[in-house]
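Heads up, there are several structures right after this.
Both of the next two complexes hold chain A, though its partner changes from chain B to chain C.
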Partner chain A sequence: MRFQAQRARLAEVAALVGQAVSGKSTKKIFECLRIVAKDQELEISGTDLEVAIRYRIQDNIEVSEPGEVVVPAHLLANVLREIGDETVTMEHARQKLTLKTDGGLFELECEDPSQYPDIPEFPVAAALKVGSNDVRALVRKTVFAAGREAARFVLNGVRILASSDSVRFVATDGRRLATLSRPAMRDASVDGPPDAEVTAIVGVKGLQHFDRVAAETEGEMDLALADRFVSLRSAHAEVVVRVMEGTFPEVDQIIPDQCKGEAQIPVGVLASRLRQVRQFASVESQAIVMQFSSGELSLSAAGGDGRAEVRLGVDYEGDDLKIGFNPAFLLDSLKVVDSESIQFGFNNANAAARISDGSGFLYVIMPVLVD
Partner chain B sequence: MKPWPNGARAILHVDMDAFYASVEIREQPELKGRPVIVGGPKDARGVVSAASYEARRYGVHSAMPLVRAARLCPQGVFLPVRMELYAQVSRAVFAIFKDYSPLVEPLSVDEAFLDLTGCERLFGGPVAAATQLRARIREEIQLTASVGVAPNKFVAKIASDLRKPDALVVAHPEGLEEFLAPLDVRRMWGVGPKGAAALTRMGMHTFRDLAQASDRALKKAFGSNGPRLRDLARGRDARAVVTARGPKSVGHETTFSQNLTDRAELRAVLIALVDKVAARLRSHGLKGRKVTLKARYEPFRTVSRQCTLAAPTWTTRPLLDAADALFTEEVAKNREPVRLLGISVAGFSSQESLFSAATPDDSAVDEAVDALRARFGVTAVRRGSVFNNRLRSSRENDPENQTDEAIGKPKEPL
Partner chain C sequence: MIEKNQSSADAPHAARIRKLDPHVANKIAAGEVVERPASVVKELVENALDAHARRIEIEVEEGGRRLIRVVDDGWGMGPEDLALAFAPHATSKLGDVEDLESIATLGFRGEALASIGSIAQTKITSRLADRDAGHVIENRGGQMVAPRAAATAPGTSMEVRHLFFNTPARAKFMRTERTELGHIESLVRKFALAFPEVGFVLSHNGRDLLRAGVGETRRERLAALYGTELAQSLVHTQQAVDGCAIEAYLAPPSVTRPHTRDMLFFVNGRAVQDRILHRLVKDVYRDTLHGGRHPVVFLFLDVDPARIDVNVHPTKSEVRWRVPGMLHKVVGPVLRSALRRANFAQEVSTEIDGFVRGASLSRDGVAATRWPERPLLERRLDGVRQATGDFTGKLPGNLPGRLTAGSHLGESDARHGGPGGESAGADCGGGPTPFSVFQIHDSYLVCEVEDGMAIVDQHALHERVQYDRLLKRLTAGSVETQRLLVPEQVEMDEAAVALLNERQALLARCGFEASPFGPRSVALEAVPVVLRRDQAAEVLRDLVELFRTHGAPPEAAADATQRQTDPSKIRASETSAPDDSASNDRALEGAVLESAVLEGAVMGDAALGDAVPGDDVPGDDVPGDDVLGDAVLGDIGARTLFHEVADTMACKAAIRFGDRISREEARALLVESGALDRAFVCPHGRPTVIRIGFAELEKRFGRR
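== the complex of A and B ==
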């Protein structure tokens, strides 16, 4: 194998793919990425068996001898970053990958490519078209609510539901839940099954790679939910994420559809007031108290070190209500809404409250019981 | 007596004298002057919960095995623990505390800190308030309390203990170091017999020695805690009086009069324990997610197994499932005789959960059972497994006849 490529792009791709490869593994081959050089194209892929990333480079490539090679991912990415050359030549011979630069020579030990894990091909038949901005919103507005060390393992993942015209992400750690729905379109060129809804649970790490790939893509992307994998594809890149086994709780029955009280609250003011008051929340309860009255919302907290109360004007008419929340959970949702104000709906002090921003984003948060 | 300086903190530590024993003597005046030991019959396997001052003269003290107490004081009057009675008296005592300050930090049923800072006008100063408070406890409850008055919690606690029983000791803010200086280092928090021996070897016998000790010497003896100890020895302690601190765990355990080997019998005991703990969680309004099983085998080998539930709960069913799983994993797989079994729930959270660990049916059963028991007593409704077992097992092995302290208060570093 022998090719010449533009160094900057190669370095960028090696770093992106390298993020899917584990830094420390019992087997050396799992710390490696794979480069396949074929007819004027390089395919660089890496995996930790949970997430796989595959990039194609077609511009500014000269393949003089096709072939494939498996090399340590982080070593390659670091070398490519540090050498300042415009172009780089790579050659594979006798279990070594040689990098030649203007006045430099680097030799990397290679592993046996036939031992490298297979990365599933993109399942074209199952694909939906989704805008790259929509992919980013789906990830950004839900993953933060996923569990981190949830006792129910599936809650550490995000549930994806896809129908012929929409994609929905749902994440919950059992105390709050975030969900967003975005339009999608079945690829007209593909004969797929009718409009059945398909669903899969995937880990947060894979979705963060979705976000990275979507960030450097303009326009539409392909998303496919297959039996064991969920794949996202752009013109140059592909992320494949292994599906988590298990049953995700049915969430639609816990999202309150009726709210006794609804308030319109400005996001910026609420966030800054929450940050002021949260310092005073007691270590044990970690709670702040929201008290709604006509046209006004008061936020208060009290603990061993003192107490605080702040007020803000809100659009609210209705009965007075006092309800406690973990301020971190409230702030998490305010960080991801795009609108100037949120709709805050509630029923009583121990039932779920609902935050929406008018864009299809819905956040459900359970209160903290306060006296 | 010098007036309390304006603006200085004023903390009272109130400690009832030999509380359980004194309550028993109040209830049975003929016991007055006799060595009363509360904990159970002298041949029982439990420990002493409280000893009257007469009994203490024989070397009997709380937490000592009853058998040993009986050897030291064979003429002692051994009484069972009547927790409900003491709790009732305790409530009356705390009601008096509340008349003196809204800032009351309970340490146990018979001991509390009161913050009387800024109350000079109300009661004529903290010392006058303490005098009044002691008089009211004597008249209204017919018990005695020892009170320490000081500018902080640490010194107040030391002061109340200094001339027990029935004493008022004042550590005035001016002259605090002089008050502490001559005290024996063994009164220092965190200094046990070993620490005291280490200090003695270093030539430190009193608080004065400790207050003047070098960083190096203190670090050597007490590690990173050393400088804190010196601050305390100089009477510096800024901790606030914290009201209504909730319990850290709710649990129940039972020591068997005879070791149990039959796993089915033990499992029935476990079920009764869980039932009781769950009911107590509900009555305190606490939901927990950490379940701990404790088992003590012969001779005194204690193991505990813990698991974490998906969501905090006070419902019997999921707690029972968790306890049973722990039991299966620990006790059921061996054949060793068991002398103690306990279950406790911690990890309380008032954060409500989207997905409850219990079904609505489970909660409804608990509600119904709680209501029946509130009306007709705890034995009105029982689980079948417990009832069947009761026909075979001795009464002493029934946890409902046990009266162990059930709520674990966090240990105060004093």
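== the complex of A and C ==
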């Protein structure tokens, strides 16, 4: 194998792919990425068996001898970052990958390419078209609510539901739930049953890679839910995430469809007041108490260090209600809403409350019981 | 007993009831008073102390079987006193019955010398301080030899040879020389502690075992008996509350013993075995000790003699409290606050003050313990306050990224944060505090402190923080509860499901809501805010076990005291029996209430007849969780449950050994713990912090 490529792009791709590769593994080959050179195209891929990333480089490539090589990911990325040349030449011979620059020569020990894990091809038949901005929003507005160490392992993941015209992400750690829906379009060129809803649960790490790839993509992307993998593809890159097995809670049963009280609350003011009061949520009591009364919301917290109460004007008419929340859970949701105000719906101090921002984002939060 | 049987066998036709020959009576009494050589030493030393001796020498041979000699420099006795010394119930210390109400001397029953004289060969040599010559009197197993003049120093010398020579039955029960000597030594130690101003020498077969000088302070005496290191680590407290003078020396929780021999209680100068005090002290140390270990405590109480009865047992090793609840109310708080004031952060040091290195190195042998007046981290914070200058309130609340809950740890951590996830530090908007802290191996925190460095066991310290939080919540009301969106199914056996269902109120107090979900599982609907979700099920199962163990303390106590309580109280206790599920919702509240009621009943002293403890063998554990103790110590039973619940949950709620935490979180943990009592030790008694001072560092690096 032998090729010449633009160093900057190669370095960038090696670093991106390297993020999917585990930093330390019991087997050396799992710390490696794979480079395949074929007719004027380089394919660079890496995986930690949960997430795989594949990039294609077609511009400014000169392949003089096709072939395949598996090299340590982080070493390659670091070398490419440090050398300042415009272009590099790479050559694979006798278990070594040689990088030639203007005045330098680097030799990297290689692993056996036949031992490298297979990365599934993109399942074109199952693909939906989704805007890259929508992909980013889906990830950003749900992932934060996923569990970190939930007893039910699937809660550490995000559930994706895809129908012929929409994609929905749902994440919950059992105490709060975030969900967002975005339009999608079936690829007209693909045959198949039109309206079947498919669903899959994937880990948070894979979705962070979705976000990265979407960030450097303009326009539409392909999203496909296959049996064991969910794939996201742009013109140059592809992320494949292994699906988690298990049963995710039935979301629609969790989200309260009726709310006795609804308040319109300005986001910025609520967030800043929450942060003020939160300082007093203490060792003994971590909850912040929200007290709704006509036209007003009071936030209070008390502990050994003192107490705080702040008020803000809100659009609310109804019975007075006192309800406690973990302030971190509230703030988490306020960070991701894009609108000026949220709709805050609730039933009683023991039942789930609902936050929505009018853009398809819905957040459900369970209260902390207050005396 | 043998003698008595023989007498009746010899005279079958004579009157059945006869007055015992005084010799026989004395021998029988001797069985009560003189159980073993240590009992002789006890009587003789008490006599010496009652004679205001300044110096007492005890000489023992062959574990006391061959010889016990106690020489004092006290008042001494004249020939007239000597002649009466061996007469039963002859005493210089008690005039009439009224005097019994206010006994201020150690001996008073007047039976000791008579008893000893009847079972050994005894010689008393004594000289009054203002006479030129002394006298000697001998008693050879009851045969008196008349007093005669003898040359001797002022004071009294009592010599007891061949103990039990004429009571072979008793002699058979003598243990090995070593065991008997152990009893004697432990006894003399207690005397020496009770009377630091008196000099003591104990020698065995000519070799000194113990030597304590005249006119020492209590701490000096402790050092002489237990080694300088232990003595210096003891926290001292002295207070007079409610007519009771309390003086205590408390060892840090890192110093523990597998036995209770070093938990010594003195009441009016008399070493006593007292189960109430024993349990009280264990309760004071409860959440700072490893399971099964015992603290080192020296407690000296002086109370109005009228408030206690020491005439319970011939050896006077017990007292009966007129108002047992007094100990709990008066002594408990004094000890607790003394422990709380002290800071026991372990300090690594190669220096051991003074020259006594041996005797009592702390358990792990490395740590010399100091006690600055204020906790280390708190002092550290002064530096922080000065350095930043802009803190207005109490510090912890203003710090960024403080650990507000185990459940927040991961969630606010940047490494987990997805797109849009920010660290909690950024939330609060504060700047970093200016003391360095690093996490090493995801397990320990190394931080800079005022006078050197400290190494913190992150799990242990956080466990302590969580424990204190939880306990406070449990005691004050209930643990903060987060309701779950999706109930979690937890499988357990049928009995456990039933038990949880019965104890809903208690469960809610612990922060859980769970309802039966089929015969063998419960649906968990709410969990304590502090718990990470993956641990909720495990903690719930642990709680079931705790509820099982603590199932029926109030009922047990009530049953045993039913004889003494009136019927209404019995009914009250029955309503909280386990088969009555309705009232069991209130089981815990019931327990507290019940104990309070019983406390009143028992203080009326009706149950005390059953409460004579067993043998006073030193080192034997005081009888355990008996009915009397439970009732008298009031709410300790209910508190035990809370402690254990807090313990169970704190361990789970704490960051683990191996969890990576951000620097802000580490700082917050240190700051928060600085504000807590007892942060130097985790709830199981392991240290949380080890300090290495500049002096030690400089020494190790050869800078001085």
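One rule holds for everything that comes next: the second predicted complex is superposed on the first by the 369 of 371 C-alpha atoms of A that agree within 3 Å, B and C clash if a C-alpha of one lies under 4 Å from a C-alpha of the other, contacts with A are read in each partner's own complex, and residues count from 1 in each chain.
Convention: contacts are C-beta pairs under 8 Å (C-beta built on N, C-alpha and C of every residue); 3 or more make two chains touch, one makes a residue touch a chain.
Every value quoted in this text rests on a predicted model; they were computed, and no experiment measured them.
Colleague: Label the relationship between chain B and chain C on chain A in the superposed model as either fit or clash.
Modeller: clash
Colleague: Applying the document's definition of touching, compare chain B and chain C: which contacts more of chain A?
Modeller: C
Colleague: A:Val364 in the overlay: touching chain B, chain C, both, or neither? Say first, second, both or neither.
Modeller: A:Val364 contacts both chain B and chain C.
Colleague: Who does A:Ile44 touch here: chain B (first), chain C (second), both, or neither?
Modeller: neither
Colleague: Looking at the overlay, does A:Ile201 come into contact with chain B only (first), chain C only (second), both, or neither?
Modeller: A:Ile201: touches no partner chain.
Colleague: For A:Asn350, is the partner it touches chain B (first), chain C (second), both, or none of the two (neither)?
Modeller: Touch status of A:Asn350: both partners.
Colleague: So, A:Leu299: does it touch chain B (first), chain C (second), both, or neither?
Modeller: neither
Colleague: Just to be sure I read the superposition right, which of the two partners does A:Arg152 touch: chain B = first, chain C = second, or both, or neither?
Modeller: After superposition on chain A, A:Arg152 lies in contact with both partners, chain B and chain C.
Colleague: Just one of 130-138, 148-156 or 238-246 in chain C hits chain B in the overlay; which is it?
Modeller: Clashing stretch of chain C against chain B: 238-246.
Colleague: With the touch criterion stated at the top, can you tell me which chain A residues are shared between the chain B interface and the chain C interface?
Modeller: 150-152, 172, 174-177, 249, 254, 284-287, 326, 350, 352, 364, 366-369
Colleague: Would you tell me which residues of chain C are touching chain A in their complex?
Modeller: Within the complex, chain C contacts chain A at residues 393-394, 396-398, 404-405, 407-408, 410-412, 416-422, 424, 427-429, 465, 468-469, 472-473, 476-477, 480-486, 488, 526, 529-530, 532-537, 672.
Colleague: State the interface residues of chain A toward chain B in the complex, per the touch definition above.
Modeller: Against chain B, the touching part of chain A is residues 150-152, 172, 174-177, 249, 254, 284-287, 304, 324, 326, 350, 352, 364, 366-370.
Colleague: Quick one: which bits of chain B touch chain A in the complex? Just the residue numbers, please.
Modeller: Residues of chain B touching chain A: 240, 242, 245-246, 285, 308-311, 350-355.
Colleague: Which of the residues in chain A end up touching chain C in this complex?
Modeller: Touch residues, chain A against chain C: 136, 139-141, 143-144, 146-152, 155, 172-177, 204, 207-208, 211, 249, 254, 275, 278-287, 303, 305-306, 326, 328, 331-332, 335-336, 350, 352, 364, 366-369, 371.
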